[in-house]
Every structure is written in C-alpha cells, then in structure tokens.
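Each of the next two complexes has subunit A plus one more chain, namely subunit B in the first and subunit C in the second.
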Partner chain A sequence: MTSTDEKWLEKKISRRSMLKITGASAAGAAVLASGMGGVAKAFGFDILEDDATAQNKVKFYGKHQSGITTDTTTHVYFASLNVLVGSQSELQELFKTWTPLAVRLMNGEQLEEASPGVFTPPDDTGEAAGLDASNLTLTFGVGPSLFANKKFGLSAKRPSELNELPHFPKDQIADQFSGGDICIQACADDPQVAFHAVRNLVRAASGKVTLKWTQTGFTSTPKEKDKKATPRNLFAFKDGTVNPSPKSDIDMNEVVWVQPNESQSWMASGTYLVVRKIQMHLETWDRTSLKAQEDTFGRHRDSGAPIGKKNEFDEVDLDSKDATGNPHISADSHMALARKVKDRILRRGFSYASGLIDETGAYDAGLLFISFQKNPQQFINIQNALGRADKLNEYITHRGSGVFACFPGVQKGSYIGEKLFSAF
Partner chain B sequence: MTSTDEKWLEKKISRRSMLKITGASAAGAAVLASGMGGVAKAFGFDILEDDATAQNKVKFYGKHQSGITTDTTTHVYFASLNVLVGSQSELQELFKTWTPLAVRLMNGEQLEEASPGVFTPPDDTGEAAGLDASNLTLTFGVGPSLFANKKFGLSAKRPSELNELPHFPKDQIADQFSGGDICIQACADDPQVAFHAVRNLVRAASGKVTLKWTQTGFTSTPKEKDKKATPRNLFAFKDGTVNPSPKSDIDMNEVVWVQPNESQSWMASGTYLVVRKIQMHLETWDRTSLKAQEDTFGRHRDSGAPIGKKNEFDEVDLDSKDATGNPHISADSHMALARKVKDRILRRGFSYASGLIDETGAYDAGLLFISFQKNPQQFINIQNALGRADKLNEYITHRGSGVFACFPGVQKGSYIGEKLFSAF
Partner chain C sequence: MKKMPFLLSTLLITAALAGCAEKETSSQPVEAAQEPIDLQEEVGAYKEFAIEQMNEFVLETEKFTEAVKSGDMEKAKELYPLARMYFERSEPIAESFGDLDPRIDARLADIQEAGQGEEDWSGYHKIEYGLWEESTTEGYAEVADQLLMDTKELRARVETVDVTPDLMMTGAVDLLNEVSTSKITGEEEIYSHTDLYDFQANIEGAEKIFRILEPEITAKDQTLTENLEAKFEALYALLDEHRIGENGFVSYEELTAEDTKQLSEAVNQLGEPLSQMGIIME
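Up next is the complex of A and B:
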C-alpha cells in the first residue's frame, strides 16, 4: 500500500469515525452500508435531524410533507416508479430506507461512505458535492396501481377517491408518461440537486423499484421590487394568479389537506397529487393574435388582469360587458370555464422545454401541470368543466397523467408512509 | 370601443411612441413589424446598443462572439437549424434580421410590439417578461451542410477544415441529434431566458429555418468561499480542471481564436464549435467501485487531484508509480489518453438529464459536450487518441454530433456573419 493509498484510506476512516461520533449520520450510513432493510429499525430513525444550520434548507419533518405548500423552486425533477418487491413488508422497508436519506438530502448532506474501502461503489453518486440544500423538497405519493397489486395486501387501505383518472375528451395520454406505483417530486433551486436526489433514492432501492417515467420542469419567478411576481408559462401568461394561498391554513385545510375522517385515516394531513404532462403547441400559439390569446384565457397577457380590468388581482366579473354589449370574458375561455365549478385546487406547475417531438419537429414543450387537492375529484370536476369547450384546447394536448396519494408529513422517529402500514 | 379597450390601445400607442423616441428599439421593432428583410438595411443596425444599465448582462458587440470565453452559465439551450430559404441573399437577410434581435435579447429587453393593434400575434413570445438578461449569451455558427448546399453559392467560402466529423469507434450517432446548417447556442442563468431567446430567433425566421435538433443542459458551480469551484459532471468528477484559460489571450489565441491567415479570411477571430450529445450510463457507473471510477479518469473523485496527488490543480505526472511499481494513472484512463496528443481544446459542456430512454428505462442523461477550437482537427485528434482504448467508453455512448464554424464577433453597424458574405 502506497502512502497515497494510505492517505486515501485515512480520509475514509476519519470520515467514518466522524459519522460514528455524530450518530445522526451513522444511521443513514448504516442503512447504506448494509443495503436496505434490517438495520434501519435497530438504529431508529429519530436520530436524524433537520440541520438548522444548513443553507437554503426546507424542513423535512412536520405535519405535512414538503413540496406542497413550500414556495415554488426554479426546478423540478418528477419521477414515477414501479415497485418490484413482492410483499408489504418489503414495501415498508423501502420507505424506511428512504426516510433518513430524504432527511440528509434535504439537509444538503452527502450520503457519506460508511466503508473505508474504495473497492465498493460510493454511497453517494456525488454530483451534488459542494452544492447546498438549494431548497430541496421531496414529496412522496402512492398511485392506485399499488393498491390494486394483490401482493401488497393493501386493497382495504385504498382511499375510495384514489382511482386512475378517467379519460377526458381530447386526451392523448401515452403510457410512457403515465401512472406509476410511487411518485417522487423533487423540487430545488438547482437542477443538479433535484436530479441527484431522485437518482440517489432510486439507487438506494436498486432492484426494488424501477423508473416508469420522469419529467424535468422549471419556473422562473420575476422579481418586482422586493416582491416575487407570478411566474409566466410558455404562453407568456401569468400562471397561478387565482390559487388558494399556501400561507393560509384555512385555504389549505379547505382545499389541500385531508382532514380526519375525510378519507382513509392514514391520509389525514396528506393530500392528492395530480400530474399532467401537457404539451403546449408553441408554433400555433405564436401565430395567434394577441386578442385571440387573451380571449383564450379571459385575461390580458402583459398585466395578467381579467379582460376589462387593469391589474392582475382585480376581481373577476364574468358578467362585465364592453360598450357593444359583448362580455369581456368569453364563456368558453379557460378562466371562465375553470370557475364554473365551485371546486378549488392548488396549482403548482412547471414549464418544460426539452428537445423536439421527433416526428413533427415541434418543440417538446409545455406545462408539467401539478395540482394538490384533498380529493382528486376536485381536479376531475374542473377538468370536466374545461371539457371540450375550453378555447385553450386548440393549443394544448394532454400527453401524460398520474394521480398519487401523498402521505401526511413525517414525525421524528417515524418514517415516510408509516401510517399507511400501521393505521386502521 | 370601451374605455378599457381604449386604455389598452393607449398603452399600445404610448409604447409605440416610446419606441419611436428611443430609436434604438424602433429598428428592431420595424424589422419585426415588416417581417424579415427590406427594412433592416434602411434603418441600419448600428442604432442598437448594448445596454450598459441592464442587470446581469453580457456584451453582444466585440471582437469575438459571446458564449465562448464568457463565464459558464447554469443553463444552455442548444439549437441546430436547417435553412429553408433558397438563395444567398435570403440567407444574408436572415442574419441581418437576427442581429438587432440578438442585441435586444442579450439586453434582457422585450421585442416590443410595433403595432398598436391586438389583432396580430405579439412580436415577443413574452415568457421572459420581468426576467433580466440573466447573462444570456448567443453564439451563432454554420455547419458544413450549408456550404455543400449549392443554392447558397458558398462552396468557395468553406474553410477546408470544416467537414462533417468522421465516424469514431463506438459512435452511435442518431440523425435526430446531429448536423444542422446553423447552430445557436443560448446560455443563460435562467432556463426560461435561454429558451425564450432561441424560440424568438427561430420565430423571427419562421418559414426560413426549421429546427433540426435541440438540447438543454445545465451545470451547477459550487461556491468555495468566494471562489467558483470546478463544476462536477453526472459521474461526480470535477470537469474542466485542465482547460485553457478563457481569461488568457495567449491561451485563447493559441487554442480557440482563428488567427488571420489560419483559415478562410472571414473566420479570423472566429472559432469552431464541436458538440457531442454523450449519454452517460449512470446505472452502470453507480454499480462501479470508487477505485474503478477513479482509474477511469486518472483522477480522484472528491478532490479532483490526479491519482497519487492531493489537490485538484497538482501537476499531472503520468510516470509516477505506487510502492508496488504500478503507475498511479493507468495508460488507458481518460486523462492519460487525452494528454497523449499535444492538441488542446476549450471544453465548455453541460450536463443533461431529461426523461428516460424509452426502450430501456435508463436515464436519458449525460454530457452535452461542447468544445471550441480554432480547427476541428484538434477535437478529432483528441477523440482519436481516446479511441477504443478509453476506459470511459464502457460508461458512455456518443449519440449526437455537430460541427459549426462560429463567426467572429459583430461590430456595431455590422451584422452576424457579415464577413462570410463580404470577405474575399
């Protein structure tokens, strides 16, 4: 062994000793060192803590999962997974394994090597080394297919509202962008941090899950003075103007968070995530007059104001008419139709623009629509209201789809999804 | 006309008046208003200025194009286009049209409407409104196919060094990620700004160009104290350690900038861009021991130091041996092979990770390798040295390719590529 090799070894050992001392890290490390399962329980997950000193860090523990009411970040890496393991207990182990890793990823920590040797693959894939937590959030959910799969014995736990979404008029959903047993929504202000998180979670479950589909997205928030303005989608319209306020408990309890007795008991404080990969036909849009664009949404493009009003947050009056007696906002505009039903949802979407759609040479661009609601029916009702009538239909095509039950938040000492397995 | 419509009109008119007054904007606006060609020359391009007051702005005018020695930004949107027009003069018009637009995009300005009506499509697609210049750079180049196309009458202007890249061992180049008559490399610290730039340039040339292929990429630069550290690629290795310094004129004149008489005269102060879309097989890599990973590159992963050394920038000694007499750095490591030839290139690549490769479920992830050199042969020589031997080959597959002659920089009053058409 050369002196350099020795130095290398020393470094590994001292890193390990450090892990031993801090304890916190050791739990995660031990899980990693021994593969999934087994050790996790012995160590107990409560050792891992949110690191209060970490830069740009969102808390992992809490009543609710992160990434739902958390401020939107610039990037998302959304992943849908299928589960390969054959039993409920193995599924449970999967979430146990992920828990300390999720804490550490959200702390911006490396999933450090536990072994001093260099003859094994590193525990952390390493590309996020030196980057901070970047406001990483991780949101885990389970899809209807997980409950339908007999080997997990969870059919009695399926919330009656968790079903595959119906086919909507004009849908062109491709299997390659749809469904999945589990979703992980990783949001961060750095694209490499978001990707790193999913990659390492999937890797820690190697052989136990497989990737079904993934999608990256971004959203750029303009600054207006010191305030964050509403971001614009790729049709240049402010997107998210009328949205329940993530800061308001009243709004969130009404719209997003499942209340006790509103669903299966394990879903209390959880929510449902609907994801739609919606292609936006930029080429067609870009040939459309500003007037027709504004009529499509029922809002002005630049200001975001309802047509006939001046400012973005001016009250919407669907009955207001211009001098010729025509309504300012047409009845088949996206906004008018979306308001036809009383249901509300929390929209938290991202744009995507990556490559071309091979056959057509059109931009592979659009909206990774993500909404949270206490019942997927809220989304379904709105989507049905949009239906065939929505003027927007001419410019978009729904190509991917998923619905997932997102667990409540994790308490220290517990693990992601614990209530799904324990609650009655 | 309602009072609201009047207000809308007023707003448009006052915006137009403003454009008239500033003059600078009017040139661009006029080009937009009248479609491509014709007006551009009448107005003259010299009216448009780099806006010294713009936030996070890179200069458009200069001896060299931006995006080559400019500090790397977080995002790239790389686009390769084919030209549809049928004559040299129309091709020339294309670049004339793009020039004022490029200045304005790099100023972070909107390509404002010139017409007060709302019955035409807006001149700017609008999604970057409110975002600043975000260090946008635009780099334009022309590929060998443009010179091969008889209708442009440019065959005598083709630099003898500009040829389609040869087939390299193990290449699996797909036509859908290859070639193109023109490239636009848009780099920015905001993904929406980079995309917006390409979208609006392509749109301003609607019917005259068509998108051949595009690729997004990102690179996350860790901060070490106040210094920028070398970013890591998706194999977690610091990438860019040994690179000629973009700040050194000596390096750049030797490696990157075509000197007078080194190529066709129109290429003086220009350079050649090589782009390779290289898939990195993350799944295989992540199962590989740290030792094998480090041997692949000839460097340590965490520190970036040459094997046998301690720090990233320690001198590389290919002959140094460990106690058992084995070389620290194996002869078929990526680094050792890349150093076999004396040629140098300026590497300025980005990672990509977007979706899965359908058939396999593997990550569609890798390196959008981009290098600049005064002669593509520099790249070819290095790639040939890597050849079949490079240990890295086991973990990567080249899937896309392109080579483009990037014009020298634009002087005020001139336009992108002017010398290609005027020089003898």
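Up next is the complex of A and C:
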C-alpha cells in the first residue's frame, strides 16, 4: 500500500465518511428527540446505539458477540475475506469503520440517513429496505493467516491454539472454499437481510478487503407440541441432539467462551469458529436402505432416538444388543465414534444447496458446518475420532474449511476487535 | 428497513444535506436546489479528446484495411489490436451511435443475439475471424472497404454528439463495466485473444475522464483523487506484468485463472471510487 492510502485513511473527509458523520449526527438528533440517549464519538468513529424499539432485533453490544449462543436463525451468509491493507493501523481502521455499520444493520436501519445525491451510487445498496432487522447477527473473527502476515505485526498476539486445521482423513479441501484473514458470519431469519449485511460491509471496505469465499445456508426448526424441535439435515436426520444448551452459562463457559487466563488476554469472552463445507452425496444417500441409513448415524431417522430406543433424548447405550446378539448401534456409526470423545462443541449447522457440481451434474449440496468452541482442539479431537472409520464418510466429502478467532463482544464506545489491538 | 426520521439540526447545515432537506419537503430532484456547476470547459476537453482518438482511429483503420486488401496477413494482425485501442478509449462516445457501433464492433454472438445471421455481420471482428480463424484475407476486401467507410462516418458524426458531464462520468464507469463483463472473460476477442489491448485502452479512456475532472474532484474531496490515483496505478501495474514487446500484450489465453481474478478485483476496486466522481455535481 502506498503512503497516499494511509493519508487517505487518516483524513476522514471523504464524501462517504462525511455523509456517515453528518448522517450519524442526524441519527443522534433523532435518538435524542425520541429519548433513547445520545450518540457519542470515540476513536474518531460514531458510536451508535442498539435500537430497543426495532422489530426482531438482536443486541449488538454485550459481553459476547452475537450469532454464537443467539437462537439459530433460518439463514446464514458466511463470508471469508482477505485483507488488502498493509498496516496494523489500517486494519484497526477497518474494524472501526465496520462497527457503526454493524449496529445499524442489526437495528434494521439503512446505512444512510439522508437521501443520497443522484450523481453517485447510494451508500446503502438498498435491497433490505422495508424489511425489519430479521434477527440479524454479525459475528466477526480473524484467521491464522492474519497473524502470519508480518505487515500487521500481530504475531505475538496469536493464540497458540489458533492454527490452520490439520488434514483429516478423506478431506478434499479446495483452496477456493478455505481459509481467509477475516470471517463475517451473518445470520438472519431472512436471506436477503443476511446477504445485504455482508454485501454492504464488504462494499464499505472496498479496496481494503476482498472476498475469499462465501457460502449461504439455511435451516428450518420444526415444532413439536409448540416447542422447538431439533432441526434435520439434508439426510433427514436430526442434527444437534447432543448440543450443549446455549442458555446454560455453565455449559457455555465450559465449552464455548474463553475464560480469563485460558488464552491470550484479548480472547477472554471470545471463542473459536470452525467452519466446514461438507458436500453430502444426496444421490447415493437416496438409494440407501433405511436400515443402512440408520446404521450410518446410529439413530432412528424419524424419531431421532438411538437405535433400539424410542425417543430422541433417551440415553445412548452403546452396549445394548438386539435379539440376535448384535449391538444395536454399530461401532463405526457416526454417533458411536463421536461419543467416544469427551470433548464438546456448540454446533450451529446450516444446510446449503448451491446448484450442481459441474463435472458430475450431482447436487452441490450439503452441510455448512459451523461450530463454536473455546479451543479448536475440541473440534480436532472429535474429527480425528471420526477418522476413516465413520460410516458416514461414504456419503460426505469435506470440501471447505476455516478456523477463526472470534473477538469478545463489543462494549459501547469500543469497536469490533479493539482488544486485539490494545491488550498486551 | 426503516429510515431514521430526518431532523434538521445545526450540525446538518452542509451543502449536501441542504439539498437532501429540499428533497424531503418537495418532490424536486436534489440537483434543482443547487447551483449547477459549470463544466463547459471539461466537456469541451473531453470532446476534443474523443475527436483526436477518432482521427487516429480512422488513420489506423485505413492502414489496417489496406493491409487486409493487399493480403498482408502479418501486417493486418499486427495492426488489428492497436487500431482498435483508439476506438476502445473513446467508447462512451462511439456507443451513442446505436447503428454505427455494431457495424464496426459487433461480435458474431451479438449479431445472433439480435436475431440476425452471419450475413449481417460486419466490421472488425468479422475480419478478426478471417485473420485468425480462417487464416486468410481473401474475400474480405468488401468488408474492409465497408469498415473504413463506417469508421469515417463515425468520425464525422462525433462532432454532433452532445457531450454532457453525466455522459463523461457514466462513461468512465461504463468503460470499467465493459472490462468486467466482457474483457475479463476473454469474450471480446475470441479469435485473436488480444483482449488485453482493449482492456488497457478502456482503462486509459476512464483515466482520461478522471484527469479532465480531477481539479473539480480534488476541490471537493482530495482523498478521492488520491484513492483514484492509487487504484489506477495498481491496475496499470498489474497490466504491465502481461506486456510483451514495446506496445503489446500477451495472448489472453496465456493468463491463468489467478491472473484474471487479480485483474478483475483491481478493476472492481477502481470502480467503487470511480463511481464517486459524481460528487462534483452535488
């Protein structure tokens, strides 16, 4: 990057940022008038408030970032970005730019207050106009490659547990679906709202970041007796039965949230996001007998119960045998292998359907696996235990992969990732 | 998504927002509230540039068509991409002639899309087909004559174009869009694979518009000028990596997927700030 770029970042007088500053003041005036509190400024960027009156809104500010223990939404737009700027201060500036935009997006507001001029493109791309916040959550994380890049001078801040994921048996990871310096997970109950959020964050950072890979996903939560039931994956099996409860602080502190002194100090109250793009071979699955399907998972398809049991949450007994003396649950079933590991993770899986695989004409569909854990090793242990033996391997191929350190939540007056740059 | 109510406060008395306030209270378009900026000189400068390019285009096309007619394959192939650059640089102007533009520059695919047949195809790309695909100039004398006539007509009619600031600014962005949609895929020069010449010329055409408007842009927002400078520079540097000889480029077929991705990203990164040039009108 040239020195002009740095100058350009320091001077915040471009038309776009002018509009944002004046626009934010307009928002401030509006907020004051409606008695919701004022808009302050710190670090040279606008501090916006969560709008308590917004419909279907998740709070931006808090101890933890949103989109981790927040209720699962029906859609996700996951984006992995590479950073183009060349210094730590520019990187910091990027997160400062994004912070007020993220608040606005999560409030369901447009990114501009006043009507834009007609001779330039609008600041907000506009496709979410008329839609409410739709429970949009934005989760930001940074990948190992960001710390490896000497230009940012962050190598001493890299937590020792943050490394690219190892190669697992049968992995066929393609570079075009892997890695990235920064991730943005945008979840919402409306696909257009989720997409709009990423599109506008990336656009506001034009020339400073570039998209490495993206993936949309969807999931639907059925209701049983008015209670939320476990969602099903595209193989029709319930996915997430043994998930720890996001509502339990004890579980979350044990499984998900990095505790003080467990990692680098900037990671306290943060977590690690593991993402895997797992192609599911629907065609082969669909010609597999129900018995073989159930043996693959170790559970009954319809009820979700362990084989030989009746209900989804019945206790799993790997030693139980059927009338002929064979174990109900085969030792190489997905569940049996997964249960051997003591580690737990919080899963937020989504299905994806992205057209067809060019070479074969098969569905390009599967699972956008996203899990949160306080140490990526938890995921690695589980994945290694599944290893080559997992019966499910015959029907799936891991195509994409990423691991990102997700910052702790943002306090009002601070900005996304501030602790990474300030804490020592 | 809902919009925050617009409230006037002392903080908001800026020219830009005054215009917007006007829009809130009446249905008048934003620019109506403003003193229109005088860009007569800039418009004149751009027209002069376009005419200059067109003069060269006629001269180079003359040489090219002569080479075709005299059966000098080598010379024709050498002149083809260079002559076209004058056209590509001033495309926002040429495009205003809906009839002439296709006669000079249509690809066979464009003709077929319009529901016409190969017999309706004329111009540069038809001769390109002869030179690279059929390896002959034979039977192309008439096409060459027609091309030269069309080119001269284009040159004559450029005088009549009503160049406006809007045409310039939209044109600059259009030149980039042209690159992102057809040059970057190699669809423009499917026989000769000389797409990088067109690419370079389109960017130069966009840069010319920026240079003419630069004083106004700098007066309004110096950081935008600096940003544009940097992005043009970065894109030219990438193009330079694919140069060969004095003023040539490698065949588009030699580019890897990674090369085209890099070029495409650099074009998009230039496009965002370029689309902000309209601030001088506000």
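Quick notes on this structure:
Methods note: the second predicted complex is superposed on the first by the 373 of 424 C-alpha atoms of A that agree within 3 Å, B and C clash if a C-alpha of one lies under 4 Å from a C-alpha of the other, contacts with A are read in each partner's own complex, and residues count from 1 in each chain.
Keep this in mind: a residue touches a chain if its C-beta (ideal position, glycine included) is under 8 Å from a C-beta of that chain, and two chains touch if they have at least 3 such contacts.
Note that this is a predicted model, so its numbers are computed, not measured.
In the superposed pair of complexes, A:358 makes contact with subunit B only, with no contact to subunit C. When the shared chain is aligned, subunit B and subunit C each come close enough to touch A:121. When the two structures are aligned on the shared chain, A:210 is found in touch with subunit B and with subunit C. Touched residues of subunit A, counted separately for subunit B and subunit C, are more numerous for B. Of the two partner chains placed around the shared chain by superposition, subunit B and subunit C are both touched by A:131.
Look at A:328: by the touch rule set out above, it reaches subunit B but stays clear of subunit C. When the shared chain is aligned, no partner comes close enough to touch A:271: not subunit B, not subunit C. Look at A:263: by the touch rule set out above, it reaches neither subunit B nor subunit C. Using the contact criterion defined above for the overlaid structures, shared-chain residue A:108 touches subunit C, although it does not reach subunit B.
Counting contacts as defined above, subunit A residues 2, 4-5, 7-8, 113, 118-121, 128-131, 203, 206, 210 meet subunit B in one complex and subunit C in the other. Residues 1-2, 4-5, 7-8, 74-75, 77, 113, 118-122, 124-131, 176, 190-193, 195, 199, 203, 206, 210-216, 218-220, 222-224, 229, 232-236, 282, 286-291, 293-294, 300-302, 307-310, 322-324, 328, 351, 353-356, 358, 361, 363, 365 of subunit B are the ones that touch subunit A when the two sit in their complex.
Taken in their complex, subunit A has these residues touching subunit C: 2, 4-5, 7-8, 11, 13-16, 18-19, 22, 25-27, 29-30, 33, 54, 84, 108-110, 113-121, 128-132, 203, 206-207, 210.
Residues 1-7, 9, 11-12, 14, 16-17, 19-21, 23-24, 29-31, 166, 169, 220-224, 226-227, 229-231, 233, 265, 268-269, 272-273, 275-282 of subunit C touch subunit A in their complex.
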